[in-house]
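Same chain, two partners: chain A is paired with chain B first, then with chain C.
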Partner chain A sequence: MANSYAILIAVLLFPGGLFALALGLTLKGADRRVAARLQGRVGPPLTQPFFDIVKLGFKRTMVPDTASETVFLAAPLVGTASMLLAVALIPIAGVYNPDPQIGNLLVLLYLLAIPGVALMIAGSASGSPYGAIGFSREMALMLAYEGPIVLVVIAVALRTGLAEGHFPTFSLAEIVHYQQAHGAFVLDPVMWPAAAAFAFFYPANLGIVPFDIPEAETEVLEGPLLEYSGPALALFKIMSALKAVVVLSLGVALFMPLPLTGGVGLAAWVGQQLVLVLIGVTAVRVSRGRMRIDQAFVFFLKWPLLLSAASLAVAAYYTAGGAL
Partner chain B sequence: MSADISRTCKLPVGPVHVALEEPMYFRVDIDGETVRGVDINAGHVHRGIEYLCTKRTVYQNVVLTERICSLCSNSHPETFCMAAEQIARLEIPERAAYLRVISAEVKRIASHLFNVGILAHLTGYDTLFMHAMQVREIVQDLKETVFGNRMDLAALCIGGVRYDLDAETTAYLTAALDKLAPEAAELAKTFRNNGSILRRTKGVGVLTREEGLACGVVGPVARASGIDYDVRVVAPYAAYDRLNVPVPVLPDGDVWSRAMIRLTEVGQAIQLIRDCLRDLPEGPTHLHDRPDIPEGRAVAKCEAPRGELIYFLKTSGADEPERVRWRVPSFMNWDALRFMFRGAKLADIAIIVNSIDPCVSCTER
Partner chain C sequence: MTVLARLKNLAARSPWLYRINAGSCNGCDVELATTALIPRYDVERLGIQYCGSPRHADIVLITGPLTKHVLEAATRIYAEIPDPKVTVAVGVCPISGGIYRESYAVCAPIDQYFPVDVNIPGCPPRPPAIIEGVAKALEIWRQRL
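On to the complex of A and B.
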């Protein structure tokens, strides 16, 4: 029983749930503030994303006549739930180790795809043609970026597993422990292609410029989110805040866990997320324009796929060579 | 899951759409992401200004025509005044002719910078949009300082201009241009070299020279399609015959060419204003107060930021004109949209529409 309470706390309080939500919204606020400063604007206060959620919470959710109501309302719930669980799956170096009962890296990969699927379902259930276009764009983009990310994860699993002398490990805790003992993968030239490929995954998965194609405001008016309002929209905003934490902490766990523990470890982990947001999200989105979906698709089939395939080959070759 | 992504479906773009600055309504047939056909509708901002013009005196119409549209708000009264002066056989003072060029070119700079800024916004490059608007802010401050207003300059009257440049405003104008020129050049360089912009605008919305001639396109749209046509050169008015007006022409006819033409014209407009300040003669800025407009009819045209603007004015000798009619550049460029949309992607619609710099308020009045 104690075990299930621990899982519940991990999902709802720390590191998932309230903690992750607060962190995600703060990161979002920091991103908006810094982006504004880079563009010569003042920008909203750091707490603006919190205010937005509260405001939406007090409003009504309008369901369009053309929408299929159950699916329309279920989509944000499913998306948010998947992300709540996903945060609880990712270890924080020296602070938190997920219960292996909840799942491993493979489960996490599936969970990571769910927000995208939820948006696709939301778009098509809303009955709006813009939602339908958002649906097809989201699908094309997912097809493009899911392949490389799976290869990257396998490369990391191979590197850790073979170095430890057994099969590839899909336990994130083990991957983090290995790096804490032997140095972070981001400092290991063998893993650089994998880290580079993962860097492309950030903007695509988080839906920011240049890959905010499914929700492009000036093209498809927020696409799948067009018909959403009130608490349902707030849930989507919560989902994307949680997703930011999931994707960022996955990057930290895969490539740069620090050999620290306790309060210092937690503070350093939050600091890492902030730095990653400012470099990987804010700096990227203010310095370029949006791609067209066909351009983004070709782009992903070219560079990230090439990099991730190379990372897999390099990791397998060097790790196996080292083990032999 | 009723998303028909394989079949053609109808997508409404507008009349209210974040990417459109003014109400326009496009019914787009899309096949996946590709545009198969476009139905262009207009008529959402009809205000009956042409009728209103016949209920106001000729002098009140100078004020009224300035309010047809905000971005071409200098070209409308200018052309109207030119038509009225033609009927009354008035020669405007030499100083007024130069001052008219200055006000027209200031508005041209602001209009073109606005358009390329919106182009950056539509491609999702908001930082460049903010930057373009900051550069434009120099022009806005200039307008406010020299003319007293940030949009409607109220610079014109029948028989001359209503403003004058003294030593102080001339010094401010010169300083503002010196500040603007390098910023505008930098902006043009960004649009010429930036990968994000090139990726979304090169080869998009192509209008060939033949199609352009068939549609009768004017202004930057024409010049970007290799049509060497500028009213300031073919039918000079104000002081343009005494100034060196270069006409930039690009052959490709895509969205990028149209943006580049506008950015080039910004630089040339800065030079034109400098030339005017250099050659500005002394003398009165307008004729004696309120010359009478006799019976007659006249056609006048000028080069508005968007292209050739034509005014027809018919008077009966009474205070109110009998008929005022104008043909705006957007009306001619509008028709070319259906050529530009050929084979376009859904993501390009807003970019292509913006590239003709449509002025719906002018077109529908």
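On to the complex of A and C.
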């Protein structure tokens, strides 16, 4: 029983639930503020995303006549629930280790796909033509970026398993421990291409410029989110804030866990995420335009796939024959 | 102050604007876009965002004299905006019809069809006037939450 309480706390309080939500919204606020500064504006307060969520809580949720009501209202719940669980699966170096009973890296991969699927379902259930366009774009984009991310994960698993002298390991805790002892993978030339591929995966998964094609506000009016209002829309905002934390902390766990513990480790982990957001998202988003869906599709099947495959091939070569 | 009142104060800091062009000559719309886009006024510092979907809107800005042709569409879009909402009429056209008054094709004044809370007169109103009007709308909106 004690064990299940621990899991519940991990999902609802720390590092999932409240903590991840606060972190995700603050990262979003920092992103908006720094973007405004880069454009020569004052920008919204750091806590603006919190205000938005509270505001949406006071509004009414309307369901369009053409929508399938149950599916329309269930989609944001499913997406948010999957992200709550996903945060609890990712270790924070030296601070938090997930219970191996909840799952491993493979489960996490499946959970990571659910918000995208929830958006697709939301778009198609809303009965709006813009939602349908958003649905088809989200699907095309997912097909393009899911391949590379699987290869990235397998490359990291192979690399760690090989170094530990057994089969690929899909335990994130083991991957983090190995890197804490032997240096982060981001310093290992074999893993550089995989890390680069992951950097492209991040904005695509979160729907950020240049890959915000499914939710393009100026083209398809936020696509799947067009018909959502009030608390249901707030749930989607919460989902994307949690997803930002999940994908960022997955990147940190796969490539750059620090050999620190306790409060310092936690502060450093948050700092890593903030730096990644400001460099990888804000700077890119204010200086780049949106890609078309066909460009993004070809881009992902070209560069990230090639890069992750390169890392995987080298890691597999050493597993088969030589030593690293 | 109760928790609910505190939350309402927080919520009032996130107004999302939606624009309905009810047959305007686009003069007011250009001013709205100017207010929104140029860094000098930076309305995002007040938490203001323009949104593309009426379902996300809190404050509605209506421009134009409400032509007969657009009346039905404008009424339908207005009904799609979830409560609580505040209606702001931008420009002189929604008040009297402006240069289109006495035309057979306009339904101005628009408060026959929409419950207008704030009027921002001008042809077109300048950005500071628009910001002041939205600030007044914000006060009304805070009470309606």
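The criterion applied here is as follows: the second predicted complex is superposed on the first by the 317 of 324 C-alpha atoms of A that agree within 3 Å, B and C clash if a C-alpha of one lies under 4 Å from a C-alpha of the other, contacts with A are read in each partner's own complex, and residues count from 1 in each chain.
We take it that contacts are C-beta pairs under 8 Å (C-beta built on N, C-alpha and C of every residue); 3 or more make two chains touch, one makes a residue touch a chain.
All figures in this text were calculated on a predicted structure; none of them were measured in a lab.
Undergrad: With both complexes superposed on chain A, which partner does A:Q48 reach: first (chain B), second (chain C), both or neither?
TA: The answer is second: A:Q48 touches chain C but not chain B.
Undergrad: So, A:L221: does it touch chain B (first), chain C (second), both, or neither?
TA: It touches chain B and chain C both.
Undergrad: Where does A:E138 make contact in the superposed view: on chain B (first), on chain C (second), on both, or on neither?
TA: In the superposition, A:E138 touches no partner, neither chain B nor chain C.
Undergrad: On the A-aligned overlay, A:E174 touches which partner chain: chain B = first, chain C = second, or both, or neither?
TA: In the superposition, A:E174 touches no partner, neither chain B nor chain C.
Undergrad: Touch test for A:Q39: chain B only (first), chain C only (second), both, or neither?
TA: Both partners, chain B and chain C.
Undergrad: Quick check on the superposed pair: does A:D31 touch chain B, chain C, both, or neither? Answer first, second, both or neither.
TA: The answer is neither, since A:D31 touches no partner chain.
Undergrad: Which partner does A:E146 contact after superposing on A: first (chain B), second (chain C), both, neither?
TA: A:E146 sits against neither chain B nor chain C.
Undergrad: What is the contact status of A:F58 with respect to chain B (first) and chain C (second): first, second, both, or neither?
TA: second
Undergrad: Can you pull the chain A residues that chain B and chain C both touch?
TA: Residues common to the chain A contacts of chain C and of chain B are 39-41, 217-218, 221, listed in rising order.
Undergrad: Which bits of chain C are touching chain A when the two form their complex?
TA: It is residues 7-8, 10-16, 39, 42, 44-47, 51-53, 55-56, 58, 80, 82-84, 145 of chain C that touch chain A.
Undergrad: Chain C touches which residues of chain A in the complex?
TA: 32, 36, 39-45, 48, 50-52, 54-55, 57-62, 217-218, 221-222, 225-230, 233
Undergrad: Within their complex, state which residues of chain A touch chain B.
TA: Against chain B, chain A makes touches at 38-41, 121, 123-125, 127, 129-133, 135-137, 209-210, 212-213, 216-221, 286-295.
Undergrad: Which bits of chain B are touching chain A when the two form their complex?
TA: Touching chain A from chain B are residues 1-5, 9-12, 17-19, 30, 32-33, 120-128, 130-131, 134, 194-197, 199-200, 345-350.
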